[in-house]
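Naming follows writing order (A, B, C, D and E), and every chain is counted from residue 1.
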Amino acid sequence: MTLNTWIPVLALMTSLIASLVIFALPEKGYRLRTAVNLGAALLKLGLVVVMVWGVFRGVGYGVSFTMVPGVTFVLKADAFSMMFAGLSAVLWLLTTIYAVGYLEDSPNRSRFFGFFSLCVASTMGIALAGNLFTFFLFYEMLTLSTYPLVVHRGTEKALKAGRTYVIYTLTGGAVLLLAIAWLHGVVGDLPFREGGHFTGSDPDIHRSLTLIFILLVAGLGVKAAIFPLHGWLPQAMVAPAPVSALLHAVAVVKAGAFGIVRVVHDVYGVDASSALGLLEPLAWLAAFTIIYASVRALWQVDLKRRLAFSTVSQVSYIILGVSIFGPVAAVGGLVHLLHQGIMKITLFFCAGNYAETLGIHRIDEMDGAGRRMPGTSVAFTIGAFGMIGAPPLAGFITKWTMGSGALAVNMDWVVVVLVASSLLNAAYFLPVLYRLWFRKPAAHWPHERQWGRLETSAWLFWPPLLTAVMTVMVGVLASLPFSPLSWAELIVLREYSP
Amino acid sequence: MMRALQTLVMALACLAFTGVLATSIWTISGNPTPVNLTQLLTENMGRSGVEHPVTAVLLNFRSYDTLLEIGVLVIAGIAGISMAKTASLEDPAMRTSDSLLYALQRWFVPLMLVLAGYLLWAGADRPGGAFQAGAVLAATGVLMRLGGSPMEFLRPGLMLRLGLALGFTVFLLVAVASAIGGDAFLAYPPGMTKALIVVIETVLTLSIAMVLLALFVSAPVNDAEDPEEGAPS
Amino acid sequence: MTLWLMAGLLFTPLAWAVLTLLMNFTWGRLVTWVGIVVQVLVSLGLWLAVSRDGGFYYGLGGWEAPLGIELRVDGLAVTFVLLTAVVASACGWHAGVYIDADKPWHRYFWPLFWFLWSGLNAVWLGGDLFNLYVGLELISLSAVGLVALGGKAGALRASIRYLLAALLGSLAYLLGVALIYGQFGTLSIAGVVFWLEEHPVPAGSSLALALMVTGLALKTALFPLHRWLPPAHGIAKSPVSALLSALVVKASFYIAARLWLELGEPLGNLAAAQLVGLLGSAAIVWGSWLACRQLELKQVVAYSSVAQIGYLFLLFPLTYSVSESVTLQAQQGITLQVISHALAKAAMFLAAGNLILSTGSSRVDALKGVSRFLPFSLFSFGLAGVSLMSLPPSGGFAAKWLLLQASLGSGQWWWVLVLLVGGLLSAAYVFRIYRASFLESSETDHFYHPPRSLEIIPMILALLSLGLGLVSAEVLSVMALPFEEEGSP
Amino acid sequence: MTTPLLYALAGALLCGIGLFGLLWLRHLLRKLLAFNIMGSGVFLVMVGLPQHQSGPDPVPQALVLTGIVVAIAATALAVVLIRRYYHLSGMSSLEDEPSPRGDDPE
Amino acid sequence: MVEWLLDGLLVLALLVTAVAALWSTNLFRAVVVFMAFGVLMAVAWVRLHAPDIALAEAAIGAGLTGVLLLDAVSHLGSHSLEVQKQRGDRQ
């Protein structure tokens, strides 16, 4: 038991213990709670940075023990897990700051932040899981810990959304469990391994493997909101903005996408998946989801709902990326895991700011909000352009890499999908931006609040600006080491030449 | 209509059950029995301390069963008296004015007491024992109760609880004492076996009678809202 | 050493029953708390002893089977003794605070509680068919007494129904015992098994097993014999409900499982095994469905017991003529299910009791706003619910995983569907309660806040059931403790 | 066919009768009677079957003695419960629905 | 042969009393028949060379259980109308 075995556990424990402490704190312990929250978030970020550095140098972090007879519980840090862990650590910090401001004076804050931390702990567990069993453990924990957040407001509408959410995700979880148990029954306990396990596997089990793959994707696809399993996501946007940010950018949909990548890369292996003929249908499914959700987004008048459909579409980029059998496209897919997170969280923060400061929920109420809230609106604009894929922002890097990757393996139709999707993105974001900046504001805002010097509360103001800056930085500085792009290349290098 | 159908189904099911059971009994009765427990019992009778095999089984070989069984009795008693809300046992409504019963009581009670004593005493080497004696004793009590005897000790109170617990406690004490002095639970020290069994049987008789009587007495209900348990006991 | 352990397990609960019978409630509580400590220590001692020297047979009264009564102390028994120690201690502790000391008839709670405990220990260790019958009766009657305590009409109705069901079950079991004795001339399970190993199965003895299992299934409330359970468990006082759901139904199941594992192969048959499994599945579906439809909180929990009991009976098909490894997985899965259900259900009933105390109503829709003002009680309830839904990392999940593996391994894939659907259905009723509690209705806190000790106990149990999955390998290792044929009696 | 076997078979019949009564009858006291009759049947099987081959066997006799005491304990308790239930609700069977919930489950 | 006849008759009587005890229209009579059943059982135990059980059955089965049930029957029978009326008044 060296320190290295303990670092992943510690990273997990920081948010777990934080959550327990917060549950125990009285509702009124505002300062203490904020201190615990931020302290834990910073500590976790530190631990993740240490691990990123270590993984880069090839240090193995991990711990495992037999949990149920025949199955091990494995926590392990590899390049891909660090990508997700890094994302969640950074965004948790920002979202916590944002949520502290957002929930000022509202009831049930202990409960909220407790489950919030629990949710991040689950995400960390998902990132660090070393086999499908451990992954499933945290995957279901995530479902449970997000439910109270989704229904946080306690209104009928929120409860209804929560119900939809639970029905979708628990059913998905059951399918996933079936798939994992079946796989375990066929081949035993498989740790995640770069290159997968099934290259040149026994042809007798190919049929089972194909069926299991379908079940795995179906189970994970619920959280990843792949068509037709995406129905819960637009409904769940009734949750408070920080929760939406968490659902869309950090935790839930990402957990699904992350899982699919894990299955393709580290359980089956790209070679085996491709040989079994599993990747191409997946690519088509992802492509269809991208287009379908973008079209649906066009008709949404509620800002958060439009963003939600945008998420459905964007997450499928990741899946599209990994389901193209070629390293470059895979890099594009993986890097989008980070890029989409950063951009989407910017947009949700901004949407939350509009709602909280001006009472704006619908797009037609946004006229001229740019002048009232310039900082937020700049951030929103950057995020939106990032989504559209304007150079040199984050989204551009994704689309460019993915497109060139697809061309490299002669899948030209992917480029068509990417272009069409970009046009659609533009079609549903540009009108918003136009209203924001070029329309005259209405006589008065639906529900305005004042906060001293800044356009809104400082807790709410800085996080979106920071993530907007990050959106620019990850695009501009993409070629530096430790940029998301370089890290994704590292992952893919290890996957394609294990 | 539903009821008739239900009856039919039930009757058929019970008929089938009886048939299968009878067939099974018939088949089993034709099979040889691998273990001859009777013989084993006869061989060990000498060590049991009593001459009557049934008593030996009850109070020596399988005394743990008997201990638990007395436990069951005590539980029934406890559950019964926990429900008792008899305001007064001298409630005139309780008293039977039947002259026949009264006469019966006068003649029967002493006779039954003697019978109980005999059964108890006989238990060691002849048919009879604590259960039978206890049952007879309880029946005596019932008779007296019906005849209107107040039986003050049956009021829910410490005395009643002590009575309930008496036989069981003594049995338990013997069990534990035998373990401390000897080598196993309920293994009576050699030489004292008979004496101990007689002691146990005596207290058991009292206890069994007490429990059954208490259950009999606590069965009637009247409109008293609260049991008189709070009274100092 | 063994002597003292036996004294502690079998006789001290009886002694405590007598002692508490002679006292009033407050003193009884004090004595009980001391007794609980003794019981826990003794149970741990038994575990140590068995893990050091292996399991053994213990002849009571110095007589060996078949003449005397022999106890069988093995890993499985130790597991259950420990489980009982944990759950019964929690219930005893909770009851001491929860139950109103002013009501005079509540003093009878303690003796009944201790009789129940001694009956449970007698059943876990029993190796003699008739002794098990007496143990079962000890449990049933004290359970009935506990349900009826207080003597309100509803409680009486439930307890009469419970009593009749329990008596019928006992008679069926006893009839089976009679047939076994008629056939084999012995009452010792080990003796019967020993003889069957070397001889062909005598005709006509299958009915004995069938009768015993049926009787025990009635006592365990297997669908469609479950109708006595929800009223009894729903109407009893919460600590009593917890004891009943967590331990009492497990006692009869334990005997049924033991009989099946020892005698199922020679005396059972495939159709019967599948039938029992089918009834278990029906219980899962039907129980969950009814749980979804109940308006009262404790009825939801009680029907959930009906459903959860269904899982236990999957043991029968999953251990009948399958490979050794599948049998082991099924046994481990069921054992875990028993443990996790015991912990979770006890936690749930105790938490439900607290919630009812706080809201002043037993209805589910009275839970509005509870999540805001009484998060602690709700949280225990919720954590226990995680185990019932068999989501990770709870013990229920580990159990489900093992059962899934066993079903897949034996090719009986239809149980896989049952397991998965059952999990979703239980989520339906658990989330229904979460949902009710998250509704925000009023801004004011009009709830009664129960004392801390009441709230902590269900929380501990819930956390145990939740964490059980993480340490299930260790827990199951107790079950696998070796058995020394030549033990030291 | 021996005498004990005859009684064992009679026991089987009594079991059947008792079972049917227990299930079919509605009045609680009748159910109790049925239980006792079924119990007697079981006891007859218990003693009759082993004695068919080996002659008088004290072990099952002792068991039945225990069984009888358990049965009377259960019967007496049941009578207490039934009488009290009847007193409170005016009902002597479980089939009819109870009066509107007047009592608190706690 | 006589013994067989006796046994046959006894078994028959047992079965008849059992059925009669369960299905006689009058509850009071049912209990009385049940007591008769108990007595017959005691005889049966004697025939099975089980004098201990016979004694117990006579005392418990025929005596105590019978008295207990009789007492209950008289209570349930006599009070039934009255109680129902009272409850009706109260509601």
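Note that a residue touches a chain if its C-beta (ideal position, glycine included) is under 8 Å from a C-beta of that chain, and two chains touch if they have at least 3 such contacts.
Just so we're on the same page, UniProt names per chain: A, C = Proton-conducting transporter membrane subunit; B = MnhB domain-containing protein; D = Cation:proton antiporter subunit C.
The structure displayed is predicted, hence computed values, not measured ones.
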Number of steps on the shortest touching-chain route linking subunit A and subunit D: 2
Shortest walk length in steps over touching chains, subunit D through to subunit E: 1
Per Cα centroids, the chain farthest from subunit E: A
Chain closest to the middle, measuring from C-alpha centroids that were averaged per chain: C
Interface with more contacting C-beta pairs, comparing B-E to B-C: B-C
Most distant chain from subunit C, judged by the mean position of its C-alpha atoms: A
Length of the line joining the C-alpha centres of subunit A and subunit E, rounded to whole Å: 76
Interchain centroid distance [CA atoms averaged], subunit C/subunit D, Å: 25
Rounded Å distance between subunit A and subunit C, as computed from the means of their C-alpha atoms: 43
Whole-Å gap between the CA centroids of subunit C and subunit E: 36
Per-residue multi-chain contacts in subunit C, two or more chains: 130, 134, 137, 141, 144-145, 148, 151, 175, 179, 182, 185
Sites on subunit D at which at least two other chains make contact: 8, 13, 15, 17, 19, 45, 49-50, 52, 54-56, 59, 61-63, 65-66, 68-70, 72-74, 76-77, 79, 81-84, 87, 99
Multi-chain contact sites of subunit E, meaning residues that touch two or more partners: 52, 56, 60, 64, 68, 72, 75
Interchain contacts (touch definition) - all pairs: A-C, B-C, B-D, B-E, C-D, D-E
Interfacial residue positions of subunit B with respect to subunit D in the complex: 7, 10-11, 14-15, 17-18, 21-22, 25-26, 28-29, 32-33, 36-38, 41, 53-54, 56-58, 62, 65-66, 69, 72-73, 75-77, 79-80, 83-84, 131, 135, 208, 211-212, 215-216, 218-221
Partner subunit E, residues of subunit D touching it in the complex: 3-4, 6-7, 10, 13-14, 17-18, 21, 25, 27, 29-30, 32-34, 36-37, 40, 43-44, 47-48, 51, 55-56, 61-62, 64-65, 68-69, 72, 75-76, 79, 82-83, 86-87, 90, 92, 99
Footprint of subunit B on subunit E - complex, ascending: 51-52, 54-56, 59-60, 63-64, 67-68, 71-72, 75
Interface residues, subunit C side, partner subunit A - complex: 329, 332, 371-372, 375, 379, 386, 389, 391-393, 397-398, 400-402, 404-405, 408-409, 416, 420-421, 423-424, 427, 431, 434-435, 438-440, 469-473, 476
For the subunit C and subunit B complex, residues of the former touching the latter: 3, 6-7, 10-11, 14-15, 17-18, 21-22, 59-63, 66-69, 104-105, 107-108, 111-112, 115, 118-119, 122, 130-131, 134-135, 137-138, 141-142, 144-145, 148-149, 151, 175, 179, 182-186, 191, 195, 199, 202-205, 207-208, 489
